[in-house]
Amino acid sequence: MNLNMLKNFKMPLSPLTFIWSLIGGLSLVLFSWVSPVFADGSKVPAFSAGNTAWVLASTALVLIMTPGLGFYYGGMVRRKNVLNTISLSFITICTVSVIWILWGYSLAFGPDAFGGIIGNFKYLGLFAMKEVQHSRYDGTIPSYIYVMFQLMFAIITVALVSGSLVERIKFSSWVVFTIVWLTLVYAPIAQAVWGLGGLFQKMGALDFAGGTVVHIDSGVAGLAGALVLGKRKGYMKENIVQPNQLGYTILGGALLWFGWFGFNAGSALEASPLATSAFLVTNTATAAAALGWMIAEWIRSGKPTTLGMVSGAVAGLVAITPASGFVNPIASIIIGFVAGVICYSMVVYVKPKLGYDDALDAFNVHAIGGAWGALATGLFADPLINSAGRGLFYGNPGQMWVQFLTVITVAAYSFTMSYIIFKVIDKVMGLRVDKETESIGLDITQHDEAGYNF
Amino acid sequence: MNLNMLKNFKMPLSPLTFIWSLIGGLSLVLFSWVSPVFADGSKVPAFSAGNTAWVLASTALVLIMTPGLGFYYGGMVRRKNVLNTISLSFITICTVSVIWILWGYSLAFGPDAFGGIIGNFKYLGLFAMKEVQHSRYDGTIPSYIYVMFQLMFAIITVALVSGSLVERIKFSSWVVFTIVWLTLVYAPIAQAVWGLGGLFQKMGALDFAGGTVVHIDSGVAGLAGALVLGKRKGYMKENIVQPNQLGYTILGGALLWFGWFGFNAGSALEASPLATSAFLVTNTATAAAALGWMIAEWIRSGKPTTLGMVSGAVAGLVAITPASGFVNPIASIIIGFVAGVICYSMVVYVKPKLGYDDALDAFNVHAIGGAWGALATGLFADPLINSAGRGLFYGNPGQMWVQFLTVITVAAYSFTMSYIIFKVIDKVMGLRVDKETESIGLDITQHDEAGYNF
Amino acid sequence: MNLNMLKNFKMPLSPLTFIWSLIGGLSLVLFSWVSPVFADGSKVPAFSAGNTAWVLASTALVLIMTPGLGFYYGGMVRRKNVLNTISLSFITICTVSVIWILWGYSLAFGPDAFGGIIGNFKYLGLFAMKEVQHSRYDGTIPSYIYVMFQLMFAIITVALVSGSLVERIKFSSWVVFTIVWLTLVYAPIAQAVWGLGGLFQKMGALDFAGGTVVHIDSGVAGLAGALVLGKRKGYMKENIVQPNQLGYTILGGALLWFGWFGFNAGSALEASPLATSAFLVTNTATAAAALGWMIAEWIRSGKPTTLGMVSGAVAGLVAITPASGFVNPIASIIIGFVAGVICYSMVVYVKPKLGYDDALDAFNVHAIGGAWGALATGLFADPLINSAGRGLFYGNPGQMWVQFLTVITVAAYSFTMSYIIFKVIDKVMGLRVDKETESIGLDITQHDEAGYNF
Amino acid sequence: MKKIEAIIKPFKLDDVKEALNKIGVHGITVTEVKGFGRQKGHTELYRGAEYRVDFVPKAKLEIISPDELAANIIETIEKSAKTGNIGDGKIFVLPVEEAIRIRTGEKGESAI
Amino acid sequence: MKKIEAIIKPFKLDDVKEALNKIGVHGITVTEVKGFGRQKGHTELYRGAEYRVDFVPKAKLEIISPDELAANIIETIEKSAKTGNIGDGKIFVLPVEEAIRIRTGEKGESAI
Amino acid sequence: MKKIEAIIKPFKLDDVKEALNKIGVHGITVTEVKGFGRQKGHTELYRGAEYRVDFVPKAKLEIISPDELAANIIETIEKSAKTGNIGDGKIFVLPVEEAIRIRTGEKGESAI
């Protein structure tokens, strides 16, 4: 487009308008000052329609990620489990959406109740919150959209766990798990990392869009679940890998990539330069990671696979998540490429040796990729991008230590709690379907449905 | 993200800038006052880039709903009708998009021509409208995007009707139907409910995003069509239910959910607190409805189905539509959950008894869910969310009566007109394919194509 | 929605706010003047959150177009090539994303290095660019998002070429091609048409969103590739047309349509009236083109096909692209309808006669549709829509000449260069798979994967 | 024992199955096949290009029966599969030497 | 020569194939089929409506063998396909008159 | 009458069909099958794990023919299906006792 166009929108000017405009302009300015100070004494800025527009759009983008995840996962399983696998993601959207309103948001983002690790009950049922309030987290947007934006993160985090459990978990037990885990694992970690006055927040941990909160805790919970559940029938003995429709997986990967712009660039909570920087490094790291995984596989197995490209892209999205508001473009190429290679190596070298059945690699990609991203943030955070973060390569070795500590603590907490939750559910209602059910497939046995009638 | 980040974008300040900025600022303010009063004497506010950004995004979101609907429907039919079913939605986008520019918008949203039920010809071909005009409906956005936003509603309303008619309607007759029905049924109802000076608008009917305009009239038209067409060959005698690929249905449901944020939150026409409230209750009601349907089915049939979850979500989206700008979060949980249970009950108890073949339940889900949503708005409208609406539970029983009247009138009008339109098309060109065509399937017979070549 | 609602958001006003607001307002104004003049002496306007929000959303929308293109193409090929076809688009996203940061953007949009046809190295690695800079192309948005927005155009342009080459091109050769072609063909054309001081830019060529830059060069490159590669085994002799899953094609078409709103309306780089006009004509032309193709096919072959509707829609999107910021609604109906008929005629009359194997019609739809669109811009450009463009029908016959010259030059340049590039790759590493590989299919042979395991 | 193979129109499958059930046939194996025969396929369109799809989808039934039941089975299939139009299909009868039920090891007619 | 047709449970296919491989059978042709028999199908749900799917997915193996190997093959299939539950399937034996290997033109037992 | 079963490479199907058409064979039933034989399958990759897919897709043709035509049919298939590479497939001949055309009730050779 031609720059001249920008000058074409002259509009007529009537004499009266001057007075009107002054009055209008002033009242606009006055409007901005509804609730002048937040609880912590900081000034409340004016609502910004532009910022609100971007966070609204971002929230919709993050919503579509979870069905995307369902298809990403669903395409990889055997034909007999395709609907069940997708529905694990779908039902998570539903349970978490309701719980979040009732108590989830309050625990995760309400005023700190205790030690910077859990919110209080102030926002139960959102009764005490109105949409015309300014969000405590970014005063330029209404509080309701912040609630929704954060909800979408909670949803996908829980749904990610299912990747380790597919093809053998009971549907009813999964539904219970989503509610319990959201409450006991996700909410405290969100408060500790992102809450005002949260534990790691105060320590100065850098996690722009959820490397720890979203990926490490879910990946580690997946590992715990895989250990409690045990391996799928025939795992490593016969060929139980017959991705029923890789087109679903590519579609899911594409929706994840698309939605992740809302995830990372939306985390700026503003349509600001920082948002655009997060957008840029997100895309770049993702592409580099897809290339990293593809090249590694090409070298090792002699062929570049489409599943490898998509898996690499997801690994890149994971790794750049905590770093996305802190690193510059070239750093994002490195972070992404390395993420692709690391996650591929996990899947081909480490996983078979350790012998756990992390079916669709929630642990191998999300926990490991997320940990790499969190540490890489400590290395590459560039104060010229965001003065709030300065990494090792910019003279601040201490940041690495904070990052490391956060990763370890979050991983340990999530693993322990998740393991206990899975064990208790197993005792109370059984976690795994029986052998015959597993043979027949979960679509028919859990849902009385078939994925395809061709 | 850390609040500190917000402070990082300091920018250098040169002495000259002060003068420039004052001039710039003032001219900005003056710019705002292009066309100071609307025809009705109300002041025209300034264009808002933020609001425009959100309505642009919302319009794109609503567009994707109709292909989404195509996949939602297409996955449920038998393999031999999959392409035809999707194409009923696809062609609707095309015909309605063109008609809307030529005469549809003018009839639906032009200045009232007669009794608050039909617009005049002022905007035929949009000649008399320029993109730099302020929309009559929200002065902060250009008129062209309002035309487009409303177009997307018109498209999906027409496409919804096809759900009752699939697997047996002639493609050519459907094309004719979309044009006639848009003109004679949709346009008047849109004017009456949403037009400035519209009949129900003046009565104070509350319909934020289209419970009556979109769902009741389309669902009722579907019923009329199902009655004129008759049942599919073998309906209730043999098993003609073999959803060819439920993955399509889930994908479609996900795209509907995603796009519906534009539908409901976009209906605020601003990136405002009200938009965020509509966003929040839309998501919550949808999730609750999916749970409602799933639980009802789980209790009755012993299994939770993926089709049930998705169908419930759609029922929730339908029910919250009219209420989305008026109700609070907890009310949305109730509205959604009840919608799921009601629509499920319609499908399993009422439909088989009445014996009409509403093939994919356009009537059972959209008309019934829409009616419940319209009435629920009369119950739950909370003046703290939106001072323009006060429901029964907030001391205004009269609202219920208005809502009831609107529902009944719209349903009666749509049913009568739709029935006549279907009958006339049937007489003139035939509405239904012949028996053999129906056996062979509509993909081959109507389009010379096959859905799958595996 | 009711206009009354707009008045409901009154907010309390405290006495202190007046002072604060004045200070706030002024500092806001001052903020606007960070970098008061661009290199060319023009004033730098303030960042606009609203514009940034829309360009952020648009960039995400354009990203999803390329996987959409993958599915659009992937559904049409034979089952044995479905994954390979989709992956040609997917890998293009990855390679181009990385190259763009390293050198692509600098060559395409950096300050002119030579004759208005190639940028210099100023922005290599984006080192010299910061996200807080104002874009040289629209000062109201940060430079980083302009880089990303333009990246998405580069990606899809390269990916489009694959449509002519599928079912027989070596994957590794395609990867190499994407890198070379981006550098030697796309970058110079982008600079010449859109660069500040670009060759055609200075001549006054009108290309709002990329008729020449995106569609003509890619379509012509596809033709060159098809000629170098030769025909697929069995082309025109046996039936090698067995679209494996037209649902993918419709899904892809829908994602293209959806994303194209970002492509065209985003090209305004502002959430402005012009953006809404581009949005409107994009949708209208697309719908009209789908009808045009469908009607032409209905008349000639006796049946309207779903593939025809979708192909027509894509032809319409292509044709309206250069015109989208210049023409009025009625012109867009004409442009679209004619595009549908022309591209259909190319495919059914011209292609079989010339005998090249443009497998999925990248040339027939994109080059021809793009050329028609570019010329139509010269005919229909309406100064009331955009004073920067005045076409033949509005008294400026010279515009046609400029358009014609641009089309011819771009086509000639792209064809020559692309032909050479394909030839060189063929010599160096081989461009085409061997006969047996082609028989077995590219999914297994290039990727060791199968599209479906049913 | 005999093996009766019947190639029929797919939408007749349910009718044939029920008719066979009524005369006491409880074991059938069905395969989706493509038939080339007198009944011609259909035309498909792909961007204006017409091409013929020669094959017609058919269902193949295989029934192993004791010799004495064979005639009855054949007759039942004939009746229930018939529409009178081209493409109704064929019935072929082949000799079978042995039958074994895997679950029990039963042999011969008792295995069927 | 004999044609041995075995209808078995699909998830037993790998076991049977390997067992046959061990006794020296290297040529098998497998078809996905649907079986109606004593083993009943399952119920599916569609918006609250229950409907029966009568067919059960089965795998059909076809093996052409020299007469003398037939007994051994049958026994091997019996053992490796057996779960003891209803629906384990059947083995049928048919006479074969000739066999030809297309690649070489070999005929009879050497073609198998 | 004879039943001729041919297992061939799928991409040879059109050639074989046309060759048969030329010698006057107008009825063929085709099934998609998976073959295990000398021709080995291929390797697939799934996140770096290689696994063998043993089966090779094949097309099975079934043709019922009068005794006297059988030799010609076999020869025609042999020629038209041959590539000379492993996996070209087999032809088997079985005896058929009866054939019935459902539409007309014709029996025997006239039913074919």
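For reference, chains read A, B, C, D, E and F in written order, and residue numbers begin at 1 within each chain.
Just so we're on the same page, a contact is a pair of C-beta atoms (placed from the backbone, for glycine too) under 8 Å apart; a residue touches a chain by one contact, two chains touch by 3 or more.
Predicted, not measured: the structure shown is a model, and the values here were computed from it.
**Student:** Kindly list the shared contact partners of subunit C and subunit F, in label order.
**Tutor:** A, D
**Student:** By residue number, over half of the contact pairs should agree; on that basis which option among A-E, B-E or A-F is the same interface as C-F?
**Tutor:** Interface equivalent to C-F: A-E.
**Student:** When I count C-beta pairs in contact, which pair ends up with more: B-E or A-E?
**Tutor:** Between B-E and A-E, the larger count of C-beta pairs in contact belongs to B-E.
**Student:** Would you kindly state whether over half or under half of the residue numbers at the subunit D/subunit E interface are used by both copies, giving same or different?
**Tutor:** different
**Student:** If you average the Cα atoms of subunit A and of subunit D to get two centres, how far apart are those centres in Å?
**Tutor:** 54
**Student:** Could you give the separation in Å between the centres of subunit B and subunit D, each centre being the mean of its C-alpha atoms?
**Tutor:** For subunit B versus subunit D, the centre distance works out to 48 Å.
**Student:** So how far apart, in whole Å, are subunit E and subunit F when each is placed at the average of its C-alpha atoms?
**Tutor:** 18
**Student:** Give me the residue numbers in subunit B that touch at least two other chains, ranges are fine.
**Tutor:** Touching at least two other chains: 9, 48-51, 53-54, 57, 132, 243, 245, 251, 270-274, 301, 303, 305, 307, 447-450, 452, 454.
**Student:** Residues touching two or more other chains, restricted to subunit D: which are they?
**Tutor:** Only 31, 45-46, 50, 94-95 qualify.
**Student:** Have a look at which chains touch which and call the overall pattern line, ring, star, complete or other.
**Tutor:** other
**Student:** If two chains touch, include that pair; go through all of them.
**Tutor:** The complete list of chain pairs in contact reads A-B, A-C, A-E, A-F, B-C, B-D, B-E, C-D, C-F, D-E, D-F, E-F.
**Student:** Where on subunit B is subunit A touching in the complex?
**Tutor:** 1-6, 8-9, 29-36, 43, 45-46, 48-51, 53-54, 57, 61, 78-79, 132, 242-247, 250-251, 254-255, 257-258, 261-262, 265, 270-277, 279-280, 283-284, 286-288, 290-291, 294, 301, 303-307, 309-310, 313, 328-330, 333, 384-385, 452, 454
**Student:** Can you name the residues of subunit D that touch subunit F in the complex?
**Tutor:** 2, 6-8, 31-38, 54-55, 58, 60, 74, 77-78, 81-95
**Student:** Mind pulling up the subunit B residues that touch subunit E in the complex?
**Tutor:** 239, 241, 243, 297, 300-301, 303, 305, 307-308, 311, 344, 347-348, 352, 361
**Student:** Looking at the complex, which residues from subunit E come into contact with subunit A?
**Tutor:** 11, 14, 42-45, 50, 53
**Student:** Which residues of subunit F touch subunit D once you look at their complex with the stated criterion?
**Tutor:** 3, 17, 26-31, 64, 94-103, 105, 111-112
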